[in-house]
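Multiple structures follow.
Look for chain A in each of the two complexes below; its partner is chain B in the first and chain C in the second.
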Partner chain A sequence: MTLEIENLRAGYGDRVILDGLSMRIDTGDRISLIGHNGAGKSTIIKAITGQIRPRSGAIRFDGQPITRMDTADLVPLGIVQVPPGRRVFPRLSVEQNLRMGAYTRKDRTGIAADIAATYDRFPVLARKRAHAAGTMSGGEQQMLAIARALMSRPRLLLVDEPSLGLSPLMVEQVFEFLGGLKDSGVSIVLAEQNVRMALKVTDRAVVLSQGAVRSDMSAAALLQDAEFRRTYLGG
Partner chain B sequence: MTQTLASLAPAPRLRGLAVLLFVLALAVLPLVLPGRFWLHIVSLTMIYTIFVLGQNIVTGWAGMLTLGQAAFVGMGAYTSVILTMQYGVPWPLAALAAGAVAGITGALLSIPCLRVKADFLSLVTIAFNQIFFVVANNWMDLTRGPMGIPGVPAMGAFGWQATTATQQFWLILAVVILLFVIVGRLTRGPIGRAWKMIRDDEIAAGTIGVNVTGYKVLAFGVGCFLCGLGGSIYGHYMRFISPDMFKLEESLLLMQMAILGGLASMPGTALGVFLMIAIPEALRSQEPWLITARPGIAGAMLVLLMIFRPNGLLGLGETPPVLRKLRAALPWGGAK
Partner chain C sequence: MVYYLEQLSNGLAIGSIYALIALGYSLVYSILNLINFAHGYVIMVGAFVALQLLALGVHPALAVLLACCSGALIAMLVERIAYRPVRHANRVIPMISALGAGLVLSAAAQLIWGPEVRSFPQLIPRFPVEIGGINLSSQSLVILAISVVLVVASSWFLHRTRFGLAAQCVRQDMVAAQLMGIPVNTVIVAIYALGGFLGVAGSILFAMYFNAVFIQMGLLATTKAWAAAMLGGIGSFQGAFWGGILLGLAETLAVITVGSAYRDGVSMAIIVGVLLLRPAGLFGTTIKERS
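Moving on to the complex of A and B:
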C-alpha cells in the first residue's frame, strides 16, 4: 500500500489550509499528524476521504488517483476514516455496529471470524456485545468506532481526533486500544491534539506548519527535539 | 438478518399470527359491515395507508423531512386518470405509470435538494407542492383546472371493473397487503439497513461505505412511487379528481400521520391513518367539527408526542410502555 499526496492545496471557502502539502504513507506506517489548531491535521484526512474537494494537487492510492472520489467508494479500496466525535449507531448493539462496519464485505464466515477476533483482542467490547452502543461510555464508544472501521479490513485507517470530548482516563483507554493495533499491519494516520498520547502509539511524526510539512521524522527523534518539546510539550 | 435491541420484544411468530388475524378480519369486513358508508371509510383509510407508507419511507426509514408528498399523490392521480381516459390505457398499467412518474420526479427533485441542509429540503418540497397545485389548477387543457376531472373509470383490468363498493374494497386490500409485504422485505433487507444507518448518522454511514446520496435518492424515488401509485387508486376510487385534493394541507396531514403513528413502523403507519382518517371520517355526520379541527388536534398530539414519545406511538421499533406491560401480562407473550 502506498498513499502519495502531492502538492495539495485545500481549505474551506476562501481560507486555504493546506498549501502545497506533499507526503507519502507506506504499508505499516503509523503516523501522527502534529500541529496547532488549524494547521490542517483534520483537513488532510478530509481531503484524502473526499469530504472536501482539493483545489489542486493529487492524491494517489497505489498509483491510482483518488482525489475526487467519495468517502463511501474509498472503503472497498481499503481507506477508512474514523470521524471525530464517536459516531457509533446508538440504537444498534455493539455487535450490530461491528457488523455494519463490514457493510462492503460479502464473506459471511470472514466477517464472523473478524468479529470474534475483535472480541478476543478487545474484551471490553465482548462484555458489552449485546448492549446498545448509545448506552456505553464515551471511551467505549470511541473504541467501538475504531473497531467498526477495522471491520472493513482497511489497509489505511485515518483516525481524526479520537480524544475529542473524552475524560483523561478514557483518553488513556482509547490510546491503549489504538496501540493494540500495532501488530495488525494496518497503516494508521492519526490527527490528534494530545501530542504526548499520539506519539506513544505511532512511530512516525509529521509536523505541519503553514499548510505544509515542516518536518517528518520518527516519533522517538521528534521527542528528543528541544524546540518541539518547548512548543508542544511545554518544556 | 439482525434484530435490533428494542425490537427483541415481539415474538415473531405471535406477531405473524396477529397480522394474519387482522388481515382476515379486514377481508370479511364487507360481509359484516352494515352499509356502504362504513366500507367507504375503511377503503379510504387503506388508500391513505399507501400514501403514509410512502411518506414514512422518506421520513421514517431514511430520515428526511419531506412536506410535499401530496403533490406526488396528485401527480400519480392525474397521470393515471389522463392515461386511462384520454389514451385508453388499462388501469393496472396506468397505475404503474402513475407510480413511475411520481417516483422518477421525486428522485430527480431530491438530487439538487440533497445538496442543501435538511431544513431546506422541507422548504423545497413545500415549494414543489405549491408549484404542482398552481400548474394543476391552471393547465386547463390537460387537467381542466379547478373544475377537476369527473367520470373517472373504476379500477379494473381485462374487461372486468371493480364497480361495487365490496369489489373495490377487496381490490384495495389486496394492493395494500402486497405493498406492505414488499415494503416490509425492503426495509428489513440491505436497502433498509442502509436507510436506517443514514438516518441515524449520515457521516458514520458514509465512512463505512454506504453511498449516502444514492440511497437518499432511492428513498425519495420509492416513497414517491408509493404515493403516486396510491394516487392512482385514490383517483379511480373517488371517480373524480381536482387540484385542491392535493394541496399542501394534505401533505402536512400525511406527515403528521407518519410521525403520530410511528416513524419507520408499518403498524405505526396504519395506526396513524386510523387515528387521523378513520375516526374523523366515521364521526363526520355526528361530529363535523372533528374534520375542521383535525390539524389542530394533530398538532396538539404531536406536541405531546414530542415530550413523551418522540418517535411516534409505535416508532423506530420501540414498544410503547403500555403494550410492553400488556404483553408481559399475557401468559404466552412473556418474552421481555
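Moving on to the complex of A and C:
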C-alpha cells in the first residue's frame, strides 16, 4: 500500500488550511500528525477520506488518483476513518455496529470470524454485544468505533482525536489498543492532541506548520528535539 | 353494541389506509428530519395513474402494482430534483422546494386528468361478512388485510435485512454511515421510493373506500397522514402505523356520535392536541448517551 499526497491545497470556505502539503504513507507506517489546533491534522484526514474537496493537488492510493472519490467508495479500497467523537450508531447493538463496519465485505465466514476475534480481544464488547451502543461509556464506545472500522479490513486506518472526551484511564486503554495494531500490518495515521500518548504508539511523526509539512522524522528522534519538547511537551 | 363493533371495522380499515400514507412521511422524516410535503401530491398522481391504467383495460392487479411503482418512481424523481440539491441548506428551503414540487405535480395532474372528481372502480368485491352476529363489509376486511401485510413486509425489510440496517445507520448518523462505506444517496432514494410505493397503495385504497379520485386528495391525505404520523410520533415506523389506526378509529367515532361533517376536523384537532400536550407523539422516544 502506498498513499501519496502531492502539493495539496484544501480548506473551508475562504480559509486555506493545507497549503502545498506533500507526504507519503507506506504499508505498515504508523504516523502521528503533530501540530497546533488548526494546523490541518483533521483536514488531511478529511481530504484523504473524501470528506472535503481539495482545491488543488493530488492524492494517489497505490498509484490510482482518489482525490475526487466519494467517502463510501474508498472503504472497499481499504481506506477507513475512525471519526472524532466516536460516532457509533447509538441505537444499534454492539454486534450490529460491528456488522455495519463490514458493510462493504461479502465474505460471511470471514466477517463472523472477525467479530469473534474482536470479542476475544475486548471482553467488554462481547459482554455487551446485544446492548445499544449509545448506552455504553465513552471509552467503550471508542473501542467499538475502532473495532468497527477494523471490520472493513482496512489497509490504511485514519484515527482522528481518539482521546476526545475520555477519562485518562480510558485514554490509556484506547492507546494500548492502537499500539497493539502494530503486528496487524495496517498503516495508521493518528491525529491526536495528546502528543505524548500519540508518539508512544506510532513510529513516525509528521509535524505540520502553516499548512505544510515542517518535519518528518521518527517518533524517537522527534522526542529528542529540544524545540519540539519546549513547544509540545512543556520542557 | 353490535353497531359499534361494525363501525369499528370501518375505523380500522380507514385507519390502516392513513397508516400506509403516514409511513411515507415518517420514513423520510426519520432519515432526513424533513417533512416530505410533496408526498400527498405524489400519491394523488399515483391514484390517477391507477385509474388511467384501469381505463385502458389493464388487469386490475397489474394496474395497482404499476401505479404503486409509478409512485415510487415519482418519489425518487422528487428526491433527486427537489430535495438532494438543497439537502444541506437551511431546513426551510427543502420544505419550500417540496411544496413547489407538489404544486408542479398538482398542476400536471390537473392538466392531464382535469379538475373533476372521478369515481374509482370497486376492485374489491363487496358483500357482507358475518362473524359472530356482527355484519362486516368485505371491503373493510380486505383493506385492513392488505395494509397489515404491506406494513409487516416493510417493517421486516427495514429491521431485518442488511439494507434496512444500513438505512437505520443513515438515520442515526449519516456521516458515520458514509465512513462505513454505506452508499447514503442510494439508501435515501430507496426510502423515498418505499414511501411512494406504500403511499400510492394507501391512496388507491382511499380512492376505493370513498369512491373518489380528485386533485385535492393530495392535500386531504396529507393532512390526515400528517396527523397520524404526529400522533404516533413522527419518524417512528410503529408510531405511524398506530397513529393511523387511532386516527381512523377516532374519525369513525366522531362520525357515529356527532355526525359525518366532523370527520375531517378530527385530524386537525389531533394535530393541535399533540402539539400542545405531547409533541413527541405517543411512540416518540429519545435515547440518552452516557458519557
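General remarks:
Methods note: the second predicted complex is superposed on the first by the 235 of 235 C-alpha atoms of A that agree within 3 Å, B and C clash if a C-alpha of one lies under 4 Å from a C-alpha of the other, contacts with A are read in each partner's own complex, and residues count from 1 in each chain.
Convention: contacts are C-beta pairs under 8 Å (C-beta built on N, C-alpha and C of every residue); 3 or more make two chains touch, one makes a residue touch a chain.
A quick note: this is a predicted structure, and the numbers were derived from the prediction, not measured.
Because the two structures share chain A, they can be overlaid on it, and in that overlay chain B clashes with chain C. In the overlay built on the shared chain, the residue A:Ser93 is in contact with chain B alone; chain C does not reach it. In the superposition on chain A, A:Gly165 contacts chain C only, with no contact to chain B.
Of the two partner chains placed by the overlay, chain B and chain C both lie in contact with A:Gln81. When the two complexes are overlaid on their common chain A, residue A:Thr49 makes contact with chain B and with chain C alike.
By the touch criterion defined above, A:Ala130 lies against chain B but remains apart from chain C after alignment on the C-alpha atoms of chain A. When the two complexes are overlaid on their common chain A, residue A:Gly138 makes contact with chain C while staying clear of chain B.
Within chain A, the residues touching chain B in one complex and chain C in the other are 49, 70-73, 75-76, 80-81, 83, 87-92, 96, 99-101, 103-104, 132, 148-149, 152.
On the side of chain A, the complex with chain B involves touching residues 49, 70-73, 75-76, 80-83, 87-93, 95-96, 99-101, 103-104, 130, 132, 145, 148-149, 151-152. Residues of chain C that touch chain A in their complex: 162, 165-166, 168-169, 172-173, 175-184, 287-291.
Only residues 2, 4-6, 193-194, 197, 200-201, 203-204, 206-212, 316 of chain B touch chain A when the two sit together in their complex. Across the complex, chain A meets chain C through its residues 49, 51, 70-76, 80-81, 83, 87-92, 96, 99-101, 103-104, 132, 134-138, 148-149, 152, 165.
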